[in-house]
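What follows is a set of structures to go through.
Each of the next two complexes has subunit A plus one more chain, namely subunit B in the first and subunit C in the second.
And now, the complex of A and B:
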């Protein structure tokens, strides 16, 4: 991983020195372990702030919206797909970007680690496939594959789909994963069970909208939840308002979501709201053969009409 | 949209989509009759209903 960091710094320095970009967006060490933060580097001498490890789960495409300057951006597989989506939706221009592609081997889920550790986590380091965690209660080692974020463990687009520079050779894509096992499990339930399932899933939601803010797709100047004239959705903690919010938030991401997991990662109470967007991803794949952000040449599923579009739901 | 609502636990019989031209009056009557019959059969909706606002 440190070779990735060195290479990212080297590329960033070169881009800034040659004035090919005005800033480079990447990650820096957070103030707490496993909490890397986005980092905007504008001067070649500042590139040493950039790092790369398995805690770079935030989706950096989020910081490109409506930018006008030339930008170098560090992008793992999912970020690159969101950059493609941003370009297709005219939120940023391809010519503005120098994409520094990072072949990704998954990000670690800090909640999984925190759950099996005693006391506060003081430091986290990784070598090869091993994660070493130092906490107030001693040291513990994890196999990285066992503490991956759920979306990373079933990811089939680890390599950036577009890039101008690459920090390493592409990694092997996973082929033997069942991407939609969790969605299938919900589909197998009865209507009552499904209602109860989401009732429980969404119960801890505090309506902080961190999931929305972390999402690169959510760039509307005024979000529907913030609008008061007209007021689309109740602002209370009532379970129906919470459910309406999550339903609509997910639906706004239909055919655009890349399952980067930024929403779930940002959630302070650990709700897996990805189940909703994932269902839409699965529908898009099954009904339209569409996966978001794979290339710049095809228009999104909800953007095109085809004579054979499924319409059995219309009587 | 129907798929996601159904996934969240809405009864599929409560949600209907139709495309009816203003000239298709008979289709309109037919569709409305079908929908009301289906909804009557499953009874009053208990879900996605906001009970009285909670007072802290």
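And now, the complex of A and C:
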């Protein structure tokens, strides 16, 4: 991973020195184990603050929305797909960007690690495919593949789909993964079971909106839950209002979500709201053969009409 | 004040004796983390926790609280007359609140209990509650209470301090309320000697710190206009994680909700991180940028509050915002930057 870091710094420095960009957006070392902080660098001599490791799960496309500068941006596979979506949705212009592509090997899930560790985690280091965790209860090693974020473990677009620079040769894409096993399991439930499942899923929600705000798709100037004239959604902890928020947000992401996992990662109470957007991703794939953000040449499934669109519901 | 010894073998029986006179609340593990909740009959608090995910502020300041009920049905005799919502203000005891969270209640009280205004909802719940604190023997690496005017054995805001002594607890009453609760236990008296040793050991374990010593004397506008805020605020998502998990954040929003002919007036936690928090009825938003919102949060906690109340910072060092921020914005780092600038700002003021 340190070679990725070195290469990112080298590219960032070059781009800044050559005035090809005004700023580079990337990650800097966090103050806690398994946490990095999105940051920007404007001066060539400051590129040493940029880092890359398996704790860069926040989607940096989120930091491009409506910016006007020329920007270098570090992008793993999912970030690059959201950059494509941003360009298609006119939130940033292609010519503003120098995309520093990172072939991604997956991000680690700090909750998975915390759940199998006794006591507080004090330090986490990474060598090859091994994650070494030092905690109050001693040391423990994990195979990185065992502690990946769930979306990373089934990701089939690890390499950036669009880039101007690459920090390394592309990694092999995963082919033997069952992308939608979790959605299939929910689809197999009866209506009552499914309702109960969603009720339990969303019960811990505190409406902090970290999921929405970590999502590069959620850039509405005023989100429907924040509209006050008129107000659409109640503000309390009433489960109906909580569900309304999650369900409507998911529908608003239909055909746009890249399953980057930023929402689930950001949630302070560990809700997997990705299950909602993932179902819509699956529908888009099955109905329209559509996966979001793969190239700049095709319009998203829900903002285009084709004569051969399935219309069974009309017949 | 009364000090008693409770053998752990007698712990659940002791709780049952207290339960006779109080509704009990305590930390309970929910899947992967602890939160405070009401304990059902026979249920003990799970005291094997470092700190809860959310602070126990919700016990006196629920996230959503109905204040008034009303009817819009003109067939009702008292239609259009708001009535105070019935509440259970019978005696309650919180078992296992951490000293930092108790100190936070004392800070929040400055807002809800003033000479001009007394918030009945907060005060009724607060006055009905006896707070039994659990001293911290194993603080988190992200805890910085000792530099935030608090400490792992801090007594402020508590009625009883409970100290774990392996096979027994030492419980020290700190207020009359606390003495009354301990009298229910019927446990034998002991001395507080063991507490001091444990306190020194626990305080030595806290190595993280918040640096604020220059901020009180610093020029407010110099801090406000400083160039550091763009870098500090860049990563911020403007979610409510820090404010909702914070034990000292007290902001709320009042809403009317009507279903058919029945309505309620309620208050819900609000967050200065949300753009809508400061939107005027005209549509104008004086805090219309991420930078201004992030600056507001840190300036309020570390500067405005200090200047207004002269009671230290509006932070007790529980570290929840540090641990839970999805993008790792760390108040310890921010305070260090502000403090450094505060030193320069103070010199500038003196020199001018």
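Heads up, the rule we're going with is that the second predicted complex is superposed on the first by the 313 of 315 C-alpha atoms of A that agree within 3 Å, B and C clash if a C-alpha of one lies under 4 Å from a C-alpha of the other, contacts with A are read in each partner's own complex, and residues count from 1 in each chain.
Operating definition for what follows: contacts are C-beta pairs under 8 Å (C-beta built on N, C-alpha and C of every residue); 3 or more make two chains touch, one makes a residue touch a chain.
All figures in this text were calculated on a predicted structure; none of them were measured in a lab.
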item: First (subunit B), second (subunit C), both or neither touched by A:280; value: first
item: Which superposed partner A:251 touches (first subunit B, second subunit C, both, neither); value: first
item: Partner chain in contact with A:63 - subunit B first, subunit C second, else both or neither; value: second
item: Subunit B versus subunit C as contact partner of A:236, first or second or both or neither; value: both
item: Subunit A residues touched - subunit C or subunit B, whichever exceeds; value: C
item: Which superposed partner A:192 touches (first subunit B, second subunit C, both, neither); value: first
item: Shared contact residues on subunit A - subunit B and subunit C; value: 234, 236-238
item: Subunit B partner contacts - residues on subunit A that touch it in the complex; value: 183, 186-187, 191-199, 234, 236-238, 240-241, 243-244, 247, 250-251, 276, 279-280, 283, 313-315
item: Subunit C-touching residues of subunit A, taken from the complex the two chains share; value: 30-32, 35-40, 58, 62-63, 111, 114-115, 120, 122, 136, 204, 206-210, 212-214, 222, 226, 228, 234-238, 265-270
item: Contact set on subunit C toward subunit A in their complex; value: 30-33, 50, 53-54, 63-64, 138, 140-142, 231, 234-235, 237-241, 244-245, 253, 255, 257, 266, 268, 271, 274-276, 279, 322-324, 326-330, 332-333
item: Contact footprint of subunit A on subunit B as seen in their complex; value: 1-12, 16-19, 31, 34, 47-51, 53-54
